[in-house]
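Two complexes follow with chain A in common, the first pairing it with chain B and the second with chain C.
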Partner chain A sequence: MKKKLLLMIPLLVFFVLAGFFIVGLNRNPREIPSPLIGKAAPAFALPDLNAPEKIVEIKDFKGQVWLLNVWASWCVSCREEHPLLVEFAKTHDVTIVGLNYKDKAADGKAWLRQFGNPYVVSVMDADGRVGIDYGVYGVPETFLIDRQGVIQYKQIGAITDQALSEIILPKIKELKR
Partner chain B sequence: MIPEIGQFALILAALLMMVQGTLPLMGAAKGISAWMVLSRRTAQGAFFFMALAMGCLIYSFIVNDFSVLNVASNSNTKLPLVYRIAASWGSHEGSIMIWVFMLGLWSCAVSIFSKHLPEEMVARVLGVMGLVGTGLLLFLLLTSNPFERIFPVPAEGRDLNPLLQDPGMVLHPPMLYMGYVGFSVAFAFAVSALLGGRLDATWARWSRPWTTLAWCFLTLGILIGSWWAYYELGWGGWWFWDPVENASLMPWLVGTALMHSLAVTEKRGTFKVWTVLLAICTFSLSLLGTFLVRSGVLTSVHAFATDPRRGMFILVLLGLVIGGSLLLFAFRAPKVGTGGTFKIVSRESALLANNLLLTVACGTVLLGTLYPLFLDALKLGKISVGPPYFEAVFVPLMVPTVFLMGVGAVARWKEAALPDLWARLRWALAVTLIVAIALPFILGRTSPMSVALLALGFALALWIITSAATGFLDRIKYVEGSFAAKLARQPRSYWGMFAAHLGVAVFIIGVTVVKGFEAERDVRMTPGDSVSVGGYSFRFEGTTDREGPNYMASRGTFELSKDDKAIRKLYPEKRKYFQFGMPMTEAAIDSGVFGDRYVSMGEPINDGKQSWSIRVYHKPFVTWIWAGCILMTLGGLLALSDRRYRVNMRRDVGLEKA
Partner chain C sequence: MIKRFFLACAVAFCFNGMAVADVAPTDTDPVAQKRAMELAAKLRCLVCQNQSIADSEADLALDLRRQVREQIAAGKTDAQIISFMTDRYGDFVLYEPPVKGTTILLWVGPLLLLIAGATTMVFLLRGRNREEAASPPLTQAEQARAEALLEGRKAGNYGSNGKGK
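What follows is the complex of A and B.
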């Protein structure tokens, strides 16, 4: 009997590991401070998701306090944060720009139709090159950018209610003053 | 057209793998030989289609077919041909693709070189490999299709990650995957032994060469990876304890234990349960490595932003393969039996202790690698585990391992007498201790800490060498004839062990000397400046611009000299690849038997004098680290070529028929 139990140990160890992996898969190991904070937001000129012939540039948002939200239709955590963003966009006067990261235009559009569109505009970063400039590790990520175009805050992973009300909103208020 | 053929070939390969993974296994269970014989043909067929698919993928890269998403994301019209080919396995899709291709290759090899095996065993082994292959092929087809098309077709591709545009990276993934996947053969043998309840010395003899070969590939793969990191990352380090490196080290450690355990099972018919468990663990760790790299569950320089669905898929696959085989192990292992007995002081105990030490070492690496994940999952904060942890736990474990390695190679099987061992090894021990303690002082070190570390390293290396020499003298003592004849009488498997163990010694010398004597300088240099390190002087002569196929480079010219005698010029580069913003550093290295002189360029300094920040290193004996790995690999290959495998195999055929 004792021997039987002994032979079970490898299996049990594996189960424990697998449990951690399941939890780990849903968490972001990269929540580390971004070196970009306090620096000018990298420039981009990307096509509008809904009107690809129109090129949106970063200077279009100069003088505003705005959020750049990196999202993708294939991203599971984006679904988690999306309702919050939609609600936030309705109730607050904040420009939210979407960076549709490594996605297909059709998928992206369908996704916005299904889950709502909080963005004033979404730009297509199909090959993820702008994402590299912004040091995007994983999707979603959100950048808060001030009137001078300087990144003030970076949220890695899904935006939570708490992060929104306790960090992002006070910062926005402060920057708008 | 070609990508579609590749896609269809993949689907056909998956279907054949499904047959390979089901009917032969059922046939073996029910004793239906018509189902069992399917295993060989399906394995060969699946490999044919996988090779076809691989060919189609490589072709798409060679002709730069940007309508294939994978090509468009990883190739470029300016990318040189050899890197276009390497780009075929540079992406996520491509690396999974080459993974299953390798699995097909190994199972095809098993189907060809298994003529002497009982039909039932072949059916089970290939069946298990078929099941694993089916899982991976489904993963490939369902979540990571390498042939996915895009429309509109981009005019230009995004180019291969510049870090991967390097000769080392052309070879590293195939070698590493050959190793990872090669352990699936040992795994399949272990599982089929559990299924069939047959586990004896012949079983061990069959799985041994496959395991050794896979281990050789893995050793080479890790070596190339480490060498690549050394010169390409420009930090001068050769091992970073990065999660992905650890992912390859873990199967290596347990695979090493498995190789030795198999030797005991073959020679003495014991350690059976342990061998089976090691075989399962080695392949499980290979799969785990794939999971860790491909799921994005850990942060690493190698990991790329990934789709969590993929992570979930691999995790489920992992659960089925590892969980299933361990479950089987828990219930069937008692049937396998334990085998012969041995005394506390014997070669068996030394090997068993070493296997345990290697396994524990692997456990500590696993713990360190996953610790950030554990803490994060338990919401205890985010941390990262660095080299200090690994060095603090790994080195103390390796000290007894290396000590026992010397003893084990000399001790007799079954029962060794301590006084006898002492009599045989005392000279080796004396030489080791005296030289190891004297050497640091001779080399001019006096501070206690540095002397202690150097002496420890030298002692370990010398112990391996002297005990191997003792063992060698013992072996030839009773052999008749001249010295040359005595040498010739030793089997190749012995020379294999000898070479591999010496390889460990060479490796340890490399690590010890580099750690103890390396020197680096981080300086700002204006053309005309000189900096000296480790007795060598580097004179900066300025930079010129150079255009590569897909990058622009600032190339520095350095004159390396010693004692005012010029040795050679070195040309490190700072490259800017057109498709990427990140500048890449190409170090220039003057490599020699006794070490490297290494210079890499940092950033240009805006002072109007064309100054640069420059890093120079002197790395004595660093080449020995890799030379040691090559010796280990050669040792494995020598052991593989031992004639007793061939002779015994023939004898088995005779027995089977009798």
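What follows is the complex of A and C.
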């Protein structure tokens, strides 16, 4: 009896390891949980992409539920998600602010002309400092910020249809209530 | 085409980084420079996850190195700089995870495995000794037979397998 139990140990070890692998290998190592969720969105005061003399500040969006979308004209995945954002801005009542990350103003403007502009405003983070404050490490990234200015959700990488309808939209509805 | 584009980007970023390094506030101070290097080696580049920001030439790594240098120049302590990074990027940015509730298994795990292994070994060896001690000694007849068998095997080996050589 005791021996039989001992013989079961390798099998048990196998199942434990298999369990770890099933969980571990299904994770995306690129998605690093942000410590900023549940915290106040870092403040910024950056020039408007279309009117550089105008400084846009985070407090301009106090009292709104809004999305901060980090994008750049050099970013390939941004092209993938951009049509979704354009469509989303048209069909839903939501404020989307663009953070034009480490980009040249001319390139950014040309990009928006070419692919459409879903943003109420895009701000220029030319040297990427605000990006660092937001823990940006892979563009595109999108932050959902509530009326009190607290980050509620972060999408790492391109927004997908699924993420939009299953996570972001329900969260927006909940926060707007 | 795409490759060339990335190459161009990489080259552009390199020059970008050099330009930053030229005016780096710690460059004239060898002590601060050393500190910046040591800190950068402890921080993980989030874009190329198996490199520290000291090793990586990714754009983000350049920016984070600049942050480290600027903060050293501003008189921040190492702990303050590390917490600046973890506040933004989480513990993942550290190569050495901090000891806390969620990481305790990571730190004591190897020790636990060693203890478990050693315990198992001690029990197995003891069991074997007891088994040996418990088996009754051979009678004279058995002893003789065992010797005959051992001898026989030797003889047999040489006898039957000898034809090849």
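Assume the second predicted complex is superposed on the first by the 148 of 177 C-alpha atoms of A that agree within 3 Å, B and C clash if a C-alpha of one lies under 4 Å from a C-alpha of the other, contacts with A are read in each partner's own complex, and residues count from 1 in each chain.
In this text, a residue touches a chain if its C-beta (ideal position, glycine included) is under 8 Å from a C-beta of that chain, and two chains touch if they have at least 3 such contacts.
Note that the coordinates shown come from a computational prediction; the quantities given were computed from them, not determined experimentally.
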Touched partner set for A:Ala110, first chain B, second chain C, both or neither: neither
First (chain B), second (chain C), both or neither touched by A:Val23: first
Touching partner for A:Ala43 - first (chain B), second (chain C), both, neither: neither
First (chain B), second (chain C), both or neither touched by A:Phe14: first
Residue contacts on chain A - larger count, chain B or chain C: B
Chain B versus chain C as contact partner of A:Lys4, first or second or both or neither: first
First (chain B), second (chain C), both or neither touched by A:Trp74: both
Which of chain B and chain C A:Ile132 touches, first, second, both or neither: both
Touched partner set for A:Ile55, first chain B, second chain C, both or neither: neither
Touching both chain C and chain B, counted on chain A across the two superposed complexes: 29, 32, 74, 102, 127-129, 131-133, 137-138
Chain A residues touching chain C - in the complex, by the definition given at the top: 29, 32-36, 74, 102, 127-129, 131-135, 137-138
Residue numbers on chain C that touch chain A, as the complex places them: 9, 46-47, 49, 59-60, 63-64, 67, 86-90, 92
For the chain A and chain B complex, residues of the former touching the latter: 3-4, 7-8, 10-11, 14-15, 17-18, 20-27, 29-32, 74-77, 102, 127-129, 131-133, 136-139
Complex interface listing, chain B residues touching chain A: 73, 158, 273, 277, 280-281, 284, 291, 295-299, 305-309, 311-312, 315, 318-319, 322-323, 326-327, 329-330, 333-334, 370, 372-374, 376-377, 382, 580-582
